[in-house]
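For reference, the structure I am asking about is given below.
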Amino acid sequence: MTDPNTISPLDLETPERPYLDSNELIINMGPQHPATHGVLRVILKLDGEKVLGTECVIGYLHRGVEKIAENRTYTMFNPYVDRMDYVAAVSNGLGYCQAVEKLLAVEAPPRANYMRVILTELNRIASHQLWLGTHALDIGAMTPLFYTFRDREEILKIFEKYCGARLTTHAFRIGGLQYETYAGFEKDVKNFVDFVKPKIDEYEELLTGNRIWIERTKNVGVISARDAIALGVTGPVLRASGVKWDIRRAQPYANYADFDFEIPIGENGDTYDRYIVRMIEMRQSLRIIEQAVAGIPEGPIMAKVPKVIKPAVGEIYHSIEAPKGELGYFIVSDGSTQPYRVRVRPPSFVNLQALDIMVRGMLVADVVAVIGTLDIVLGEVDR
Amino acid sequence: MLDSLKSFLDGSVSGTPGQLNNQVWALIYVLIIFAGVSVAVIAMNWLERKALAHFQVRLGPMRVGPHGLLQPIADAVKLLIKEDIIPAESDKFVFWIAPLIGLLAAFTVYTVVPFGPSQAVSDMNIGILFMLGVSSLAVLGIVMAGWASNSHYPLIGALRSSAQMVSYEVAMGLAVISAILMTSLHGTGLYGVSSLGDGTGTLSMIGIVQAQQEQHVWFLFKFFPLGLIAFVIFAIAMVAETNRAPFDLPEAESELTAGFHTEYSGLRWSLFMLAEYAAMIAVSSIAVTLWLGGWLRPFPNLLSGATWDFIFALFPGLTFLALGAIALLGTVRMPKHPYFKIQTIGLAAFGVVLAGIGVLLLAVPIAAKVSNQSILSRSTEALMNVYWFVAKVAVFMYLYIWYRATWPRYRFDQLMKVGWKVMLPISLGALILTAIVGVLLG
Amino acid sequence: MVEKYKRHYGSGLDAQTYLGQNYFTVDRSLIPDFLKLLRDEEQFDYCVDITAVHYPKREKQFDVVWILYSFPRNERIRVKTQITDGESLASAVLIWATANWLEREVYDMFGIKFEGHPDLKRILLPDGWKGFPLRKDYGILQQDKEWVQINLGIESGQ
Amino acid sequence: MTPVATPFFFYMLSGLAIIGGLLVITRRNAVHSALALILTLLAVAGLYLMLYAPFVAGVQIIVYAGGIMVLFLFVIMLVSLERTVKERQFNRIWPVGLLASCALLALLLGVYAKGKTLFEGRPAPPLTESSNTQQIGLMLYGNYMFAFEVASLLLLVAILGAVIMAKKRI
């Protein structure tokens, strides 16, 4: 294992072994490639099929979200965050709203918090389902993709019924929620939980015990806990390396402290462990949703927030456990209606950095598997 | 020339056109097989998309024709009129000839595929050797395509493919040898020693099936489980040989975009597809011939006699009637909206055509039984042979689709490991044990 | 902890709390030592984020912020320093490997150089782009017209 | 079974074999040479068929055209061709090659001229088609058992050598 601190940038000019370069290839994987989940370009230096090193070229989807934030009011910027990690838009919104709430020193009412937890956990399941489908497809199993998309549809239906949007939901407002739940929301969510439980078993049946799946994922893309921490890797990737750390538990936000759930961890930090961790996380999310739906209180859904949001001069960092890892917002206020600076700490961006040491010495097919298992969304990497 | 046509039809001689040195009939056979395989590939294309879709909780092609029945034709037309791109830096000649080699190898194999005791173009006495040899040439087309594209992804695809095919050919060959060995060995394993069969080995495809008939056992069950082991080895190796999931590494779309045919488009690309599906059918035919009794109907010896022959002869007709019934059922279930009118009519017509073929196929054996004419009974027999052969091959085709829907893809080194460290020793062991058991029982 | 470091570094270091979040304001010259100390002595083993804020009216135009977290202590902390335009900072890549891309992004967006970084080049914007978008004097509609015209062959990217 | 158009096929196959052979040595591009060599091998397989030796023809296709040539291509593709095209080191030994081929030509011509006397009278009767494979088997495992085993031992040595050369640590 290469030491992540001293890993050298990829030298594309000179071959590693100048006189035996018979099969040293440099391949551009992407930006148009079926397995890079968007417009990621990975420059691979190969010895035959063995990966000598990689370099990620990103930014194809850069839209300048942080710059936009400086030119919008706090409220106006809220929908933009949905466009970063567009498969987990609800989590993005939660992080941003809570960060601004912290800056304003207001607290969302309990009913809003319960709703927020239900929706973010639903979103976590949706994100993991999308990850599972595409990851399995990368490894060559076509069928799980369609199963997961079929079941993810049910979550999107709930979102649509609640706020009218399916993907970029803009579900939360600063201070709470805009909409009260629709009639039958609790029933829909309960039905969904009952519906999806056997479906998760079905995914596992297709993959977990499959010999080829195990061979393709065990000991592939291993990252030790030490390296993972050094590289700032978070989320399921970090937990699969054996670090029991989840912001929902370590520094609870919303009202996660009220719920009983477990944090799954892996042992080897390989692709298989990450797969298992995410599968268990889906089940734990269902547990949280069940508890939240059962305990949802009546009451207001919006805290007292001034019409014009003008936080005092100061700065705040708030982070939540997004499906992909630690999603942080660092907001600097200069006392005006527009944030002076919004910095987004994107989990995908930081996790992608680990790709290089995870695939060195592996084969081309493993690069694809590892990109899949990192669960990156290019909208978030490039912002 | 008319004589030669007639002599073949009236049953005065029997044998393949090759054996009888009858070039006219050989040509007719070649044309029939070429057309038949092409149609089978088209049907397989539709069936694969449909079956795969239903595995994956979707509908598959539904727009072109009722239930997408005309989709393959639309695809073919699209591919024909698509722009034919030859990369500027490619090796033009090799790029041009590569798909042809693949296609040629895939189709040449069919000269020795025995659809019946006389329903083959030729019965070479090295039939199986010829088949393995020619199908091993298919890899040349892939390698040349990958190299000529002068691009990295195709090159890696070609490298993977050549390594894969060469290594799986070894296990495949050993499995085949143990089947050939069985043609010369008496004794049927579980059923004890028997003196059936003449005890001379043969490499001829027809000879192998006839040996199974004489020994009263499919080689799949002979020396149980040795025949089964060899068969399983072959069944795995043939998937790897044809580059299909889960061994579809040379064209792994998530890694190498499309592998060796990344740079191909339009007609040339479709030639690769045609070759791939033709090769799939060809290797399935080998498997059916060697282990599943080829054209033999189930229990040809146990349930022999004119009555049983007649009953089994009804199967082809009944199958087509059933297919027609399914199509007509689909017609009834079509939405009643006027938008679907043409589709409904089309599906009904298709059902009627299928049922008509079924009736025709039923009429032949019944007429043969009633009138007792030799030409009718001969065609009944030919029909039965072809039917059972195709039915067995169809099972393998379905398995191909099933594999593809179920399994992830192997990694290159794992594939080689399975090939050399698992399949090769097992097939070698099975071969040696077959020889020992055969000698002990014989 | 705060007391200890204040004593150690004197006026170069100041500790504050806002809305319950602690941060150090540190002089630029102390940065490399202090960051290393935080990791080694105080177990801040995880560098969450590195970013910067631009204050064009100040003499020291940039705030560079390190957001750190300690797994054993379950505690977040921020380290802030001020630098003028053109000044460089020591790279933290050897302290936290994750600083690699994060510093590249700061360089990309603000033009702050990090000494000792193994491969300091633009990360989100294309190589050869002129200007640093997150500086306050960079307009929201501004773009490197020349780059767009040469590389994309179109009049304007907007 | 009566053969069809024997002279035509003979000349066609021989012509193909010779053209292929010429292309092998004249092509600069190693891949093209390899493809020409495949053509030659296939043509020779056809000649074997005409000699009523279908087994040998089949083995020729499987082993040479299908197996060995694929490995050839495999290796050639891995080598960077741009450089080998420029280098001339393979062409420096052409006098030796010329000498060898002249010697071979002389030998063949000698055999052709004296053939009648060398191989007394009657050529061996063509084997009947059906028993050809069996006869080869009997010959190999009967009369030439020892030679056969020695050959296989040689191949084993070659395999071991290849393994040792390819694998740095065993």
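When the chains are written out, they are named A, B, C and D in that same order, and each has its own residue count from 1.
Note that a contact is a pair of C-beta atoms (placed from the backbone, for glycine too) under 8 Å apart; a residue touches a chain by one contact, two chains touch by 3 or more.
Since the structure is predicted, the reported quantities are computational estimates derived from the model, not experimental observations.
Setting subunit A aside and leaving every other chain in place, the chains that still touch one another form these groups: B, D | C. Chains that touch both subunit A and subunit C: there are none. Subunit A and subunit D have CA centres that are 61 Å apart.
Centre-to-centre spacing of subunit B and subunit C amounts to 65 Å, using the average Cα coordinate of each chain.
Mean C-alpha positions place subunit C and subunit D at a centre distance of 70 Å.
Centroid to centroid, with C-alpha atoms defining each point, subunit A and subunit B lie 46 Å apart.
Among the residues of subunit B, those touching two or more other chains are numbered 155, 159. For subunit D, residues that reach two or more other chains under the stated contact definition are 78. Within subunit A, no positions touching two or more other chains are listed.
Within the complex formed with subunit A, the residues of subunit C that make contact are 18-19, 21, 45-49, 51, 53-54, 65, 67, 71, 74, 76, 78, 93-98, 100-102, 105, 109, 118-119, 122-126, 133-134, 136, 138, 140.
Residues of subunit D that touch subunit B in their complex: 1-2, 4, 29, 31-32, 35, 38, 54-55, 57-59, 61-62, 65-67, 69-71, 73-74, 77-78, 129-130, 132-134.
The touching residues of subunit A, when paired with subunit B in their complex, are 25, 27, 33-35, 48-49, 136-143, 145-147, 150, 206-207, 210, 212-213, 215-216, 363-368. On the subunit A side of its complex with subunit C, the touching residues are 4-9, 58-59, 62, 64, 66-68, 70-71, 102-103, 105, 227, 229-233, 243, 245, 250-251, 314-317, 319, 326, 328, 330, 332, 340-341, 343, 345, 349-350, 353, 382-383. Taken in their complex, subunit B has these residues touching subunit A: 52, 55-58, 152-153, 155-156, 159-160, 245-246, 248-249, 252-257, 404-414.
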